[in-house]
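There are two complexes below, and they share chain A, which is joined by chain B in the first and by chain C in the second.
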Partner chain A sequence: MSTVAWITARGLFGRRRALLLLPLPLLLVGLAALCRANNIAPSDWGTPVIVGLGLAVVLPVVSLIVGTGVLGSEVDDGTIVHILTKPLPRRDIILAKLGVAVGVSALTAAVPLFVAGWLADSVRLGLGLAVAAAVGALAYSALFLLLSLLTRRPVLLGLVYILVWEGLLGRFVSGTRVLSIEQYVITIADKIAPTAILEPKVSVPVAVVMAAIFVVGCAVFAIDRLRSFSMAGETS
Partner chain B sequence: MTTVNLQNVSRWYGNVVAVNDISMSLGPGVTGLLGPNGAGKTTVLHMMAGFLAPSRGTVTIDDAPTWRHPAVYRQLGLVAEREAVHGFLTAREFILASAKMQKLPDVKAATDRALELVEMTDAADRRIETYSKGMRQRTRVAAALVHNPQVLLLDEPFNGMDPRQRMHMMKLLHDLGDRGHTILFSSHILEEVEQVSGTVQVIVAGRLAASGDYRRIRRLMTNRPHVFAVQSSDDRRLAVALIGEKSVSGVEIEATGMTIRASDYGSFTRALPRIALESGIRLRKLIPSDESLESVFSYLLEA
Partner chain C sequence: MSEASVIHDIGYQRYSGPRLGRSAVFGAIYIHGLRAAYGLGRSAKSKIFPWLVVGIVTLVAVILAAVRAQTGLLPLNYIQFADAMSWLIIFFVAIVAPELVSRDMRAGVLPLYFSRPLRAADYIGAKVAAMVTAVCGLLAVPQFVMFLGAAFTTKTGMRGVWHELGDLLPAWAYSLLWALLFTGIGLLIASLTGKRAFAAGGIVAVFLMTTPIVGVISILHSATAQKLAGLASPMSLISGVGQWLIPDASTGIFVGEFGPVYLIEALTLIAACMLLLLARYRKVASL
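Right, the complex of A and B next:
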């Protein structure tokens, strides 16, 4: 593990904000277990719990908390300067932080999604959801990492993307789905484990190519922004 | 020898000009960056440290631009004003991480040396968040020094330090300067600059108002009479003799001696011993009383 990744991980788990990661995955697993224990048909609870809660809320919100935490918090409190005053290529810094964000987000979201998919249908659906969640965590993390460098309010903008773009416009304006990570995740999970619970709205090539564009595009842009990181004068 | 060069550097934010056409060259030794709050000191430091692009002009360290050029941090250390540290780490972990990111050959030895340099060895294994402000500052200085950089930039480094820590930091900067490092520190507290460095860069309203040894700067201000405190074996007789001297513009006799105003520093300091000798008067005290940095600074601000 690189020193940057080590500091990032220590910072992430050393902040109270890390506790925010727990409730949503627990809620997802708890609801799925409750439905299963009460013998409710998966066709009744699968879509609202797995898609409505798991893919539309848990995965993006966890990625938002982690993705903005790995860099945005350091930008906010100024500690990023200690890392930036080292002769490290900015690419290495972004990739280390992205690696930590993806690892933590993927683990936090994929495990409960696996459990929910398994309880709703099969281990295969669980695996499909876990793999798709990992891809989604990668794309979301790259996006939210970039937002940390573009704005002083990355969490707010991230929430706008999740709630307004994906949650609202994605439901009613079909064209916006091409730029919706949630839709890529649904499509990839459905490709691995086809089931009536998931209703993909974009094709597999679109999902794969667009997810790759999100990851690469956001990472490259973030590297360039970090190269031009400026500090405003405080005493001047 | 490492030099930091600013060539016709300006920086503006929209319509506000923060730094206006500054050129300076910093070589080995300690230089104080002095100016009132809001003068543009931090903006200049940030441009030197590669954290701000000049709107016009160039900022280089040994001909390499500092902006968008992380390789300069091999020979540059920065202690920013903002007191930001990873509080969840111990000082040793924090400095060790800096050494690793600098890719030093023996990170442990470099960490121990840096801790020792700032007298933080005893507290090194406590989390930084438990430290006082001064200890945090010293930890940050150690992290900036771990790779033994040729250039060290410090923004208000004495903030939050108690007098003993302040003295220690001043001595550290002196020693580094004597060993050939290029040290620039900003301050708006005149006594700090006066005690650490004779060489100053004075910034007023975004412009470089003066540059060099402040005593020399004072002597170049020929439009202001130089003030000397003089005591002799016969002040009144010396005053009579001096008032006939062309370079003397005024003499005041007080109970404890005389205050002499001289329009020409060089002529007066040559004439005084000659006149005293000719008059058979013994000089007991001769002190330039407005060569303090405070006087120079206030004259520059008034200019």
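Right, the complex of A and C next:
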């Protein structure tokens, strides 16, 4: 299992690819520092930077790139066969890959969010955002890992989820918020550190239970899909 | 080649038809790119995403035209329509750009292309032209639908139609500007990687991460910074150009006296993307 995790991490970070994950977090910290240096009230810049950029863009996009990269790129290359033919339970393969994806995206999103929350309000808000981002990374990674097994175009489908479901529908149609990971993250962060910056729209029990359902459900379904996985050449 | 130079004739027939030059290759890549953008000639699966976007954009245009015909109100004018569809256009660019350039790198066919009488500039020119046509069509056709709706229900006869046409033509130019800028940025990012998934993610990340910068700069205390805030993101840059050239467009971007700056930056950005694409293809085999 550790070998699978090692291979996955090498696939993500090999050569210069890790550098691609840097600009988004740097931008988040840079904008927070710029606002702080210009003496703008945190109530003005907190929502656009932390929610608009951090929770709506950095966390889902990083999780999308990493989450579909851990398994999807191996499916694309065809090298997944090498892992599948080893006498390893499919559960271990999925859990190892999910672990790497969660670790990388949680670290990439939580650190800048901690800094931004700290600059905006207090260390407590920073910690709340970091914990919520870690939970969000877990749920997003499980979802996108599952997508990379269900379809040949996981990134596009993931983008539809982020842009259309969370971005457009989440804003106008209140019912879709119950199935939006972004709203769980906001709720959990607000529960740990209540501020005016975050406006939770779902209740805490709903957020925690639905996040857990997302993680467990997607992981179990992904294991099940990998049990009966069939390779296909590059078509369409 | 003269017959004398054949060492051993193994009986292959020679091609004696007309030899088509660069322009024919250009045309072939253009047509192929345009068809690939909408998934024509490909499997049903690769038609889902482009036609999903086309369907939504057209549906919105039809609804807008119907609302206007029934109530006489104008919820969105042609230019606001293009702005309102910006997220869908980003998504469309993220679908089409990797389809056009990343596939060729992935399949390793670039050496085959460039062994023909085809230059890097032709290849890029054809791809850019195909994608500009695709993106522009995505906006211009629904705008035309809105125009038809307005033209057939106008109360003032021919004069109303002329007036409407005067609104439509600048909006088409505006859509062309959208298409040029988004094509340049999208193709440049997609040409950096052979993996379509990474290319799509990268394009969306670049467009999404620039939007909050505008939001932050526009709340700075300096009035000049507020007027220049739109320069930070391609979407608000285009809106700013539209606002300056067509003052009654009401795009919501306040440019003040800096309108020319917006236009210059838009043109520079388009030119820079094309030059960087050329530089990228100076030396490329596969990735």
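Basically, the second predicted complex is superposed on the first by the 226 of 236 C-alpha atoms of A that agree within 3 Å, B and C clash if a C-alpha of one lies under 4 Å from a C-alpha of the other, contacts with A are read in each partner's own complex, and residues count from 1 in each chain.
The working rule: a contact is a pair of C-beta atoms (placed from the backbone, for glycine too) under 8 Å apart; a residue touches a chain by one contact, two chains touch by 3 or more.
Every value quoted in this text rests on a predicted model; they were computed, and no experiment measured them.
With the C-alpha superposition on chain A as described, chain C and chain B fit side by side in the combined arrangement.
Applying the stated contact rule after C-alpha superposition, one finds that A:P89 touches chain B and leaves chain C untouched. Comparing chain C and chain B on the residues of chain A they touch gives the larger count to C.
In the superposed model, A:M231 makes contact with chain B only, not with chain C.
Once the two complexes are laid over each other on the shared chain, residue contacts for A:G78 go to chain B alone; chain C is not touched. Touch criterion met: A:V49 reaches chain C, while chain B stays clear of it. Draw one line from the C-alpha centre of chain A to that of chain B and another to that of chain C; the angle between them is 80°, to the nearest 10. When the two structures are aligned on the shared chain, A:G11 is found in touch with chain B, with no touch to chain C.
Once both structures are fitted on chain A, no C-alpha atom of chain B lies closer than 12 Å to one of chain C.
In the superposition on chain A, the residues of chain A contacted by chain B and by chain C overlap at 235-236.
Considering their complex, residues 18, 37-43, 46, 49, 51-53, 68, 70-74, 76-78, 80-82, 84-86, 88-89, 94, 97-98, 100-103, 143-144, 155-156, 186, 188 of chain B touch chain A. In the complex of the two chains, the chain A residues touching chain C come out as 20, 23-24, 27, 31, 34-35, 38, 40, 44-45, 48-49, 52-53, 57-58, 61, 64-65, 68-69, 72-73, 76, 152-156, 159-160, 163-164, 167-168, 235-236. Residues 42-43, 45-46, 49, 87, 90-91, 94-95, 195-198, 200-202, 204-205, 208-209, 211-213, 215-216, 219-221 of chain C are the ones that touch chain A when the two sit in their complex. Residues 3-4, 6-7, 10-11, 14, 77-79, 81-90, 227-231, 233-236 of chain A are the ones touching chain B in the complex.
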